[in-house]
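Presented below is the structure to which this report refers.
Each chain gets a letter, A, B and C, in the order it is written, and its residues are counted from 1.
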Amino acid sequence: MSDAEGAQAAARPTAWWTGLTARQWLGYALAAGFWGWLVLRWVNDWFLPPGVGTGRGQPFIAVAPIRAAAASMQATAAAGGPYAVVAGWLAGLLSALAFVVPALPALAEGVWLTLVLTVASITLAFPIAVLLSTARVYGGAGVRWLALAYTELIRGTPLLAQLFVLFFGLGLTTYIRAVPGVGTGFIPDQAIWVAVIGFTINSSAYQSEYLRSALQSVRPGQLTAARAIGLSQLGGLRYVVLPQSFRYAIPGWSNELVYLIKYSSLAAFITVPELFFRAQAIASTTFRYTAMFTLVALFYLAIVLSASHVMHWVERTTAIPGIGGSRVRQL
Amino acid sequence: MSRLLEVEDVVKSFGSNVVLDGVTFGMDRGDTTILIGPSGSGKSTLLRCINRLTELDSGTITLDGVEVTAPGADVNAIRRDIGMVFQHFNLFAHLTALENVTLGLRRVKEVPKAEAVERGRAELEQVGLIEQADQYPAELSGGQQQRVGIARALAMDPKLMLFDEPTSALDPELIGEVLEVMDDLAARGMTMLVVSHEMGFARSAATEMLVLDGGVIVESGPPAQLFEAPEHERTRRFLSRLTEMEAGG
Amino acid sequence: MMAPLQLSDWVFVFDNAGYLLGGAVVTVLLTLSSVLLGFVVGFPFGAVEVYGSGWLRRLVVGFGTLFRGTPIVVIIVYFYFVLQVSNSAFLTATLALGLRSAAYQSQIFRGSLQSVDEGQFEAARAIGLPRLGAIRYVVVPQALRRSVPSFQNEFTIVLKDTSIAFAIGLGELLKRSRDLFISPAHGGTAVFEIVVFMSAIYFVLTFTTNRGLDWVNARYAVPTGEGT
């Protein structure tokens, strides 16, 4: 476009929702539906007083009509005729739906725990990771060795093994249960605490690796220049090096977030009733393996894809030209 | 009498930017033509259109009677007859100097290994790098890498050699060794089309100089003639600046 | 209260070390088979993502999103209980871990194929190599060597993920450790020692693998120096 047109376009900012493809619209619609339903479910179950909305654990949609529709489809299929095959499929679909709908409230509670585990662990692990990574890059020999040993041990053993050490080996639940208030009201049960501790320790080691390589990506001249204007080592790190290194670390963090969302499912093996635990529990009592596991796979996909998109957005908004993968600003 | 290379009315645009706006010229066997012009005037693009690394928008290019730009043309066969030397060398990083030279012989011309190695060593000898035959590109200096690049192109027995700013990425003290090889090549009768700022080479080895400006060839003729009596003021200023740079260093 | 560390517990562990090490063997075999499957599927998928187009590429991208977006435990359980691909837990686990690894390895190879600079590809075309030949003789050899560090990472990830096959009853290291610590034979006091021993075995496995692949990387890396 000509210079005049270009200048005009820059002056008139376009809304972000113009220029979206049909596929993107579909994605946003599905995401809005998924998260909207979840929020409604949570609000309904925990915040609405009894009598308002449906009860806790009661599905929003009535199941009976779906079952009736499934039965009638089944009848059409049995009767034969041109629509038998299609009717048979629809019958199967509707009966699966009739089964799935009552299970949804339990799954929603599971999603909540999955999110709690993920967010709590990644947040708590962050300050530990900062300490570890700065120790590895800037610390003296002793501190550096300790940090290395910690990271190598944690990254060299499976997450499930670590959870087993904490839950079965150390029996942490016994100690945590003794703490007053655990398991009451909104405070999670002891098993959840153990899971959070396990994920935090694990995540801190991985995050420290991302941060360490991010710290090393910052050009050494930056710290030298910071010292040269009179900042201390700590000040130089805090005001110059770390802010830059965070931009480099963002891809690693998106990775870590997605990883935790998926691996939070392992908490099921130490009795935490998160999403996978719920799905497995329902599946093994009703033998509806296909429906439950397909549904739970879709749930995880939805959460992971939403998280990825959010992280992409974060990366774009915090990008500084010349640092990390950000593109140079088009002038 | 048809010429070895005929370029007729070549037009190429990138988006709204018209880079080549009807370029026409020709070369005979044995000619050494040097192509000069301001930055962004399309010199590299023109070279890349000749071996179809870049596809032109309109116009025709004919090499030794074969129309390079014909829609059904066998591009790979055409490229066997054209050698290209790149500004950034583009040597195959995972192969030794010798392997770089023999790859085309073995995988394109399907020459047996022993014969290819013999030919490869001869080419490296010709550019003065027989000692470095088993070294990797990362172990060679820029000038050495470029000479391997020339040997690699020559091993294919091309009818035409294209040089895309062959010395622009080299440290000053390494330029000489590459120009020496190019001088030698010209003297041996190779047909060469060279994009370069090296006026010394233009004076010593080039039979014709083309000035590309604004997407068209604005002047052409023997280098001596253009240095002494250029038709266009822009050409005169451009040439004098180049010779100043050379003299001043 | 947790019983204090007892020598008798460690004796129990070492008495059963053979059983646990048998599990370690299963772990290693499962890792090897899964990583191999992941390579055989992942490399072509990565190449399709870089060079392919149309429905084939969309299929590959969709596969990747699916297998990278769902937890491995869901994949394993799905393959075993829903799809019922095999009665053998080992085969099912290999398939599940292998396809998941393929989804990640395709990204590794996509990155390394794209990292070989365009100029070398052009030089290969300029001497008359067809597109496939240029990819085969110039791009792929370098891409494979550049992939080794990421491949090393993926290998240890798969090794650790084999522990999740315990969910379908495969007798690998974690399951055997669990069988041991829930058994009444040690009176419930050796749990800590068992899980620590198990973790130590895992650590030795990952450590050796990493050093081994470090050696491969050093031996086969494309020489990089100044220049290029």
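The definition used in the following text is that a contact is a pair of C-beta atoms (placed from the backbone, for glycine too) under 8 Å apart; a residue touches a chain by one contact, two chains touch by 3 or more.
No experiment lies behind these values; they were computed from the predicted model shown.
**Student:** Along the shortest chain of touching chains, how many steps lie between chain A and chain B?
**Tutor:** So the least number of steps between the two chains is 2.
**Student:** Taking every chain's C-alpha mean, which one sits closest to the mean of all protein C-alpha atoms?
**Tutor:** C
**Student:** Mind checking the centre-to-centre distance between chain A and chain B? Centres are C-alpha means, answer in whole Å.
**Tutor:** Whole-Å distance between the two chain centres: 55.
**Student:** Take the average of all CA coordinates in chain A, do the same for chain C, and state the distance between these two points in whole angstrom.
**Tutor:** 22
**Student:** Using CA atom averages as chain centres, what separation in Å is found between chain B and chain C?
**Tutor:** Each chain's C-alpha centroid was found; their separation is 48 Å.
**Student:** Mind pulling up the chain C residues that touch chain A in the complex?
**Tutor:** 1-2, 65-66, 68-75, 77-78, 81-82, 156, 160-164, 166-167, 174, 177-178, 181, 191-192, 194-196, 198-199, 202-203, 206-207
**Student:** Within the complex, which stretch of chain B touches chain C?
**Tutor:** 51, 53, 76-77, 79-80, 82-84, 86, 88-94, 103-104, 107-108, 136-142, 145, 149, 152-153, 156
**Student:** Sort out for me which residues of chain A touch chain C in the complex.
**Tutor:** The contact residues of chain A facing chain C are 152-153, 155-162, 164-165, 168-171, 174, 258, 262-266, 268-269, 276, 280, 283, 289-290, 293-294, 296-297, 300-301, 304-305.
**Student:** Write out the stretch or stretches of chain C touching chain B in their complex.
**Tutor:** Touching chain B from chain C are residues 117, 119-120, 122-130, 133, 137-138, 141-142, 145, 222-228.
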